[in-house]
């Protein structure tokens, strides 16, 4: 079983955030020591009583993105504290789940 | 020059087509990346044309007077807009400041449509007005931030300070400033002769491409309006209609003072009357994330833009012609 | 007019290039958003041109006869198609009904290619045929739904009822109807004079842009064919080849009855012979989700479209010319 | 630990569905009381013996999308009952996992 | 509860990989018996000290994609062994989590 | 013909605009899908034009001599490049081989820019050079793989063997080969007469569209440079500047030997001097995934491409003209 060892247990952080705030969130993760992340564009969504969809705001400033970061608990937990502060004034949905990974040395 | 001519110009009719389609909830869309490509084309075209014209005449004192007046307009209009919104509407300080910033800045597509309307009307205008458009994009943002930050929580100000590099790049090096100023210089260097080989792409199909682009603008404006109007009260909507007139009147006065010819005066009025929906919203999401985008996007794109396209532009041209005639 | 001329026209050759590249599994592609932008251009161009032509002649009884005939064709052809499919192929009731709907409706790109072929051949056609194309898009969908729903499970009918607002917008306000009808009206209002400034974009480069678009259509048709042909039996493939002929023959009869000139008759035949691959599949996914898209998309885009482009169009033009000559 | 409290436990619903059915699924979630969701476009996929990829179907009617909804168990569980009915005639893959969130008040 | 049965327990495999290797990964899943998967395009990311973003590499060869595969443990576990080999020379982040699904018969 | 003329041609100036904007970290971008559409246009345009020209002259021995020479150049240049990189830089065997492959292959945009520069300079060139460009894309990839695989781990070779179908399609049927060869044939079949209806799209706006495209290339080159230069040592950067000169010199010798006219000789030099940034990177990610893309993408797009656009092309044209006259 290539992933049943304890080393293979990591956290998967998923952050749904407005694109202008993405760089701030990325800097935060880098500073916390995350080894990597991947960002996926959202095409539409709903929240706070309004539907939103990519392509209707020409400035693209309200476009949402989904950031996925697989990392160690020791790295991601402290990062969440800082993230809470960043999200204080901003739109941003954060969820964390337990995952197992291949090649744990990468994280 | 007849106002009805402008209203029934293909450019305006395609805008109306998009607007109605969106209001009727048509599923159609122009792909965003395609429209963005066309927008770059339009800015290159007016930049190059302006540059070629600038290469033919020396810059005189009047030009610098207009540059100065434009800077003052962009810095100053948000104060008026802010006051109007705070007094008449229930918008929060942040939302009012953010919205005010949009009205000090400009809409480049409105400017392009006005250039096209002037060409149809046969009224000449100067190339350097393209530079004026670029100049007016940014100062309003500074006023808006200042208005929003007065006495704001420290962490908000901290945030702006931390992001200021990114913010500066966003407002000083965004696509429209880079392309307008760049194409202006390239046009000036290339001159009439160098431009000749380009005119088959940048002059001949210009109005047709503008039609296609305006269809998309209509769809965007209509969609913004349909989603956002519920959130707007009557006062903000009224603001979206009278604020352009205030801007235009002030610009007309300044233009008359400087002694601008009618075409240039009309364009300065258009710039002053138009509201940003690309550069300023982007800056506001970065620096004032707690402001509500559905307020200022709906107002500038859903209310003021259609107003300027259908009524404003022919009106400003008519007034500018009258004042000079 | 020579059929070989059409076969070796650049438009058809670029289609063939894309088709072969896709069949050979080339990794190349034309970006979808770019192609969609070009499609809007093509529809605007034929709409405007048609409108300008309509502005020059009064609408007479013949025009309304054609409108009526077109409606009947679009409603009626799916019955024939459905019967043919149920008798010859093993397709389920739902798949047969969904596919039949495609053949009552039309392919706007086939229509555009036919207009281009007529121009090359020097055969005139009337502007209002663009309206006929728009008219024929939708009725077939109603027939298809009716065919599929007869005696269907209640929840399927419930579903359709619940989605009917969305479905109506999808079929009545989709891009091709909005752009064709809109551009037609704008062209009619603008007239010859207003169109002049647009012709550098909408007339001169038309055939070139059609070539670029056809390259993409070839890639799409080839890819659809490569993925889907295994799922299709011989009977459905044969259907994709003879159904256009049936449609064309019926249209030719009606056209002759009404006394249409050869160009208009050829276009009515083309519309009747062509099959939808945009509006109808979208409606079917919404209303008949259990129907299999790989059947009808492969047939209409992979079989009938290439057939019409390479063989159908020159054939229909030749027949229409003969019948009238 | 900003997310180790019981309040922070939510469900993450992931729905992979054909785009024409998206609005139906969204209406369903809204009616069930979901506070928000985000939709991400898929670019290709495989299922039922055929590969699919965005950009080959010009009608875009067979394009798939991925909807992510973070919500309370009390909201999402009933929604799944209705969803089962919606998916009866349609393509649609649903998976649910346990996650922890920041700012649980948002959901 | 439409998803609390044991049958409803599946694995969710998420593979973040360079697009040129996507087909190899897909073939591997198909050979292992996966019934389906969905691929989502990434727009940017960070890893190994460099930021990457779609649209800067004209060859599109360094574009990343995210593959999501919901499947049975019996199918996905063996697939991971083979995947480890594929990823030996390649960029590729794999994480697996426990999910519950609607309509377990599909997997 | 004046080198400064080329340097201040709009095409080069728009490239510089994009480059500087990116180096200053402007947030602007040209949508990738739009730029990709324009790239297909540019390849269609030069392919068609080349085909029309080929339709007017018979292929003689010289043509086949050039085809042969081009094949040899593409196979051979990577050996020189590999040796230079291994001796001067610290690049690994794999990275050196992958990079070398890029310099044996070609950049089609550099080629297009050179064709445009020749037209401005009024120097004629032959249509079949487009076929030469297509021919030179692939052989270099084979050399690169061979260089990298010598004595490599078996599983790497296994991988290549397993993917060879996909690899073959990627290198033999990629967009530029399909479009260039396809358009060449279509142009040859259509001839002068058939091309006439297309020239409003493929000839007149060509330079304008190239300007728009070059703005995007500048942005890409600048972004690549800004991200990647830190990773590159001095030796690889120097390689990116002298390797094109080596390629050009060898091509000049061969061209003189074959007796090519100046325009054709200049184009062969340009092809030889240019480095791939689309076809070869794609092949390398597939076949040599452990090679580092930031090395070869930065070098070919960030260093060699700008060098060729600004300095190389005018230089090669000047040298080719001198050698011939």
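Going by the order they are written in, the chains are A, B, C, D, E and F; count residues from 1 in each one.
Methods note: a contact is a pair of C-beta atoms (placed from the backbone, for glycine too) under 8 Å apart; a residue touches a chain by one contact, two chains touch by 3 or more.
All values reported here derive from a predicted model rather than from experimental measurement.
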Report summary line: Note: chains that touch chain C and chain D both are none
**Report entry** Distance-maximising chain from chain A - centres being C-alpha averages
**Finding:** C
**Report entry** Centroid-based (C-alpha) most distant chain relative to chain D
**Finding:** F
Query raised in the report: Is the contact between copies chain B and chain F built from the same residues on both sides or from different ones, judged by whether over half of the numbers are shared?
Result: different
Query - Between chain D and chain F, centroid-to-centroid distance (C-alpha), Å - result: 45
Query raised in the report: When the C-alpha atoms of chain A and chain B are each averaged to a single point, how far apart are the two points in Å?
Result: 35
**Report entry** Whole-Å separation of chain centres (CA-atom averages), chain A against chain E
**Finding:** 18
Query raised in the report: Counting in whole Å, what is the centre-to-centre distance of chain C and chain F, each centre being its mean C-alpha position?
Result: 40
Report task. Can you tell me which residues of chain D touch two or more of the remaining chains? Result -> 40-41, 51, 97
Query raised in the report: What are the residues of chain B that contact at least two other chains?
Result: 29, 31-34, 37, 204-205
Report summary line: So the complete set of touching chain pairs is A-B, A-D, A-E, B-C, B-F, C-D, C-F, D-E, E-F
**Report entry** In the complex, chain A residues that touch chain D
**Finding:** 14, 16, 40-48, 51, 64, 66, 77, 80-81, 83-84, 87, 93-97
**Report entry** Complex contacts: residues of chain A adjacent to chain B
**Finding:** 18, 20-21, 23-24, 50-51, 54-62, 88-91
Query raised in the report: What does chain B use to touch chain A in their complex?
Result: 29, 31-32, 155-156, 159, 162-163, 166, 220, 223-224, 227, 231, 277-282, 284-286, 289-290, 293-294, 297, 301
Query - chain A to chain E touching residues, read off their complex - result: 1-3, 10, 12, 26, 29-30, 34-41, 65, 68, 70, 97-103, 106
Report task. Enumerate the contact residues on chain F facing chain B in the complex. Result -> 8-10, 13-14, 17, 21, 24-35, 37-38, 120, 204-209, 211-212, 215
